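Paired with subunit B in one complex and with subunit C in the other, subunit A is shared by the two complexes that follow.
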Partner chain A sequence: MNIYRQENRMNLPAMLYWTLGMLLGLLFFMLMFPAISKDAVVITEVTKQFPPAVIRALGLNTLDLSTVLGFYSYVFVFILLVGAIYALKSGISTLSEEIRAKTADFLVSKPVRRTEIAAAKALSVVTLILLQTIIYVPLAFVVTKLTTQQDFDGRIFLAINLTLMLLQLFFVALGLLLAVVIKRIRNVLSIALGTVFALWVVQMLNQTLADPALAYLTPFAYFDLAGIIASGGYQANYLVADIILIITFAALAGFIYQRQDMPSV
Partner chain B sequence: MNVIEIDRLTKYYGKARGIIDVSFNVEEGEIFGFIGPNGAGKSTTIRILLALIYPTGGNARIFGRDCIQDGADIRKDIGYLPSEVFYYENMKVIDLLKYSASFYAGTDLHRMHELAEIMDLELHRRIDDLSYGNKKKVGIVQGLLHNPRLIILDEPTGGLDPLMQHKFFQLIQEENRKGVTVLFSSHILSEVQKICTRVGIIKDGRMVRVEAIDTLEHDNYKKFKVDLDEPVPDHYFDLPGISDLKISEQTVSFIFKGDINHIIARLYPCQVANLLVEEPSLEEIFLHYYEKEA
Partner chain C sequence: MNIVARELRANLKSLTIWCIAMILLIAVGMIKYAGLAGAGPGVAELIGQLPEAIKSILGLDWLDPTTIAGYYGVFFLYFMLLGGIHAVMLGAAIISKEERDKTADFLFVKPVRRRRVITAKLSAVMVNLVVFNLVTLLASMFFAARYNTGSSINRQIVCLMLALFFLQVIFAAIGAGISGLVRKPGKALSYAATLFLVMFFLSSAIELYPKIDFLQYLTPFRYFPIGPVMQGTFEPLFIVLTIAISLVFAGLTYLAFQKRDLLV
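And then the complex of A and B:
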């Protein structure tokens, strides 16, 4: 419990900064809504000139920019990317902390099991992600309401936003695993950026090719926002894939952490 | 009773040698010196005792229980000072110490303040801003504040000035008088000599010997320095038991292990101008030992 508390205390400020950044980014994009929604027809005409592959890669074929939720979903992709980077960074950071900061001799020599350490750390990251969701979603609702001045389906809005958390949990689990697999991690953020963008490129490829099998390779494909707007819910097969991978990665990370030699200084 | 029992402990880092077949015991209430040059395997052995790394072979027991299997439980009664101390960024000394104390049920913080007082440690400074020596003090307080029954010190004195070293040794000896067992690793022999009752010598990953410090100092070895009135004949002092033999003109010096009468008999026909017989320092014995083994 003390490790959990300590981790929360150490990582809370960073979470708040990231959340603030995400909200400011959202505000910036949403301020363009009135202008873009008015000219949505023109924009649609222009983008129709793009090669079909590009249109699909950018997701322009499925989202209607003239509606609040369509526009929000389009902007939300950037929020997803930032949120994913934060989640992956947190996951990698927490289990590699003792190795990077050379504090293993302090923490691991205490009367606690490795599994307890790993669990407390993972739980702390998850707590902060949930806290981020709790802060982000209502404020995003307020931002969207204020910038668009329109009514929209709150339930679908929530369904869209909760994909952030589901995606982040995936990246947390992936981060935990990377932390114990990669030897001698120096710069956490660069690994996180590289991984997220690589998976994002796979997603663009996936949108272009529209291959259901390829979609399993990137978590970004698990939650199709246009589909959520249309149906109001998630696709069960991808949701299950997400949950299975989260559990698998986290369990594997714990297993390896338990057996790892802590490098000496 | 043995507090630490190490049996044929072996550790390879991939193909690199850590330690090979290390065996020794540390008895309850003693201060055991663990000596060897850098890279000999002292830290490897200690880090296995704390389950920071896992052995490739053999096993180690503390308080009669397996270090790896029952590690978390055993470590309640162990205080550990690592050779290099690193702590989390942006933490104050007091926060770190309280965090450390929170791992041990029923630790009273009076002891922390008392120790900080003795070691002259400022509790409200940021750890990042501390000098190497001051970080070491944080390590010492952190390692002792929960009143452990076994203290494991890995090269503890680096960075401490002589006054602090002295206070530190007093602190350790005081704990020892209360019945605390100490495993003290060092490459500086004189400090081990000061407080240890027995020593184990490790070299190139293998235990060379374990001996009571008195035996090592007094019983076996004598350091001779002889000035003769005539040049020393070649091979005159090629006797069994002699090592570190240095001959320059009319002066001979060597370390001798064995019956001293052999040397006296050998000197008897000579014209001796001056004769000095001393207890060799542990350092000298140690160096000699290393050379012989190498």
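And then the complex of A and C:
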């Protein structure tokens, strides 16, 4: 419990900065909505005539930028990137920071099981992610409402935004695993940025190929925002894949952490 | 010279991983092209019929993704992104890591001026960037040639790679400059990453809404528009900006780091 509280206290300010950054980014993009939505009507008209194969081949986006939710989804990709980097960074650093700061021997020599340490740390990261969602979603709703001045389906808006959390939990689990697998992590942020952007580029490639099997390779493909707008829900198989991977990565991380050799100063 | 060698060895592992990732990415991307080329003539015709304004909004005004050169150009956007991350993190880490790893006192009590240490570190960065670009260049040429059925596009690839190198030099200089300025060693990487993300998002915003393109001077991602660069035209203004920004930030690294009270 002490570890959990200490971790929360240490990492809360950073989380707030990241959330603020996401909201500012959103505001910046949403301010362009009134200007773009007019042009977007024309684009939508034109692309509608393209056969679906061509749209895919050209990598055109299937979102209708003239509608609030379509435009929000387009912008939301950037929010997803930032959120994913934050989640991966938190996941990696929580299990590796002590070794870097040379406090690992101090912590693991306390009369607390290693599983408890790992669980408390992981739980703290997850708590902060959930808190971030709770802060971000209502404020994003306000920003969207104010900048667009239009009505949109709140339920679908929520469905879009919750993909952030589902994606972040994946990256937390991946981060925990990377933290115990990679020996001597020096630059957490370099690893986080590289990994997130590499997976995102795979998603960009995957969009054109539209190969359902390849889509399992990158979490960014699990939640198709255009599909959510159309159907109002997630695709069950990818949601299951997301959850299974989260549990597997986290469990594996805990297992390895227990057996990890902790350097003493 | 010892420091250069030491830095090269220290960065060898990460450089190798980056190079392998780039080769894989190019390989996968070009396999994808093979699939796209099948849809060929029909798509090109369709694009040809579009009015200019719409082509420009869709980003198809200068590139036809169904030709291998056009496809490679679209693909190249991602190289700039990944290359940028590599460079900015490399530049920021190489200066700030001594303080973070508590090896600053060890290094800076050696009978070597700080100026020379920085020069050595920046030279190591340049070597890393050159290797990264050479590997990307060779892998691009190799995989493009494998799937290319028309005339060779090596010239275009070389031009684009030159742009990638310039972009990386800017970002590496920015990274180094930031870590020279920032006092808290842990923060340098965060600031560099934040700046990088802001520049990337700004570039995306300009793409989405071209009327704000007066902001393009603020983001290096806009300095080398892929279409013209592929034809071998670099805008002189942006070349000057590239050199100026790189020199200013590299200079800042020397100035700020020279006088700093190092945390040990």
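Keep this in mind: the second predicted complex is superposed on the first by the 243 of 265 C-alpha atoms of A that agree within 3 Å, B and C clash if a C-alpha of one lies under 4 Å from a C-alpha of the other, contacts with A are read in each partner's own complex, and residues count from 1 in each chain.
Methods note: a residue touches a chain if its C-beta (ideal position, glycine included) is under 8 Å from a C-beta of that chain, and two chains touch if they have at least 3 such contacts.
Bear in mind the structure is a predicted one, so any value in this text is a computation, not a measurement.
In the superposed model, A:Thr103 lies in contact with subunit B only, and not with subunit C. In the superposition on chain A, A:Met10 makes contact with subunit B only, not with subunit C. In the superposed model, A:Arg259 lies in contact with subunit B only, and not with subunit C.
For subunit A, the partner with contacts to more residues, out of subunit B and subunit C, is C. When the two structures are aligned on the shared chain, A:Val201 is found in touch with subunit C, with no touch to subunit B. Applying the stated contact rule after C-alpha superposition, one finds that A:Asn2 touches subunit B and leaves subunit C untouched. Contacts of A:Pro111 after superposition on the shared chain: subunit B is touched, whereas subunit C is not.
Note for the complex: subunit A touches subunit C at residues 21, 25, 28-29, 32, 35-36, 39, 42-43, 46-47, 50, 53-54, 57-60, 74, 78, 81-82, 85, 186-187, 189-190, 193-194, 197-198, 201-202, 204-205, 208-209.
By the touch criterion given at the top, residues 13, 43-44, 47, 50-54, 71-76, 78, 80, 82-90, 99-100, 102-104, 142 of subunit B touch subunit A in their complex.
Across the complex, subunit B is touched by residues 2, 6, 10, 97, 101-106, 108-113, 116, 259, 261-262, 264-265 of subunit A.
The touching residues of subunit C, when paired with subunit A in their complex, are 14, 18, 21, 25, 28-29, 32, 35-36, 39, 42-43, 46-47, 50, 54, 57-58, 60, 65-66, 74, 78, 81-82, 85-86, 89, 93, 97, 101, 189-190, 193-194, 196-197, 201, 204-205, 208-209, 211-212.
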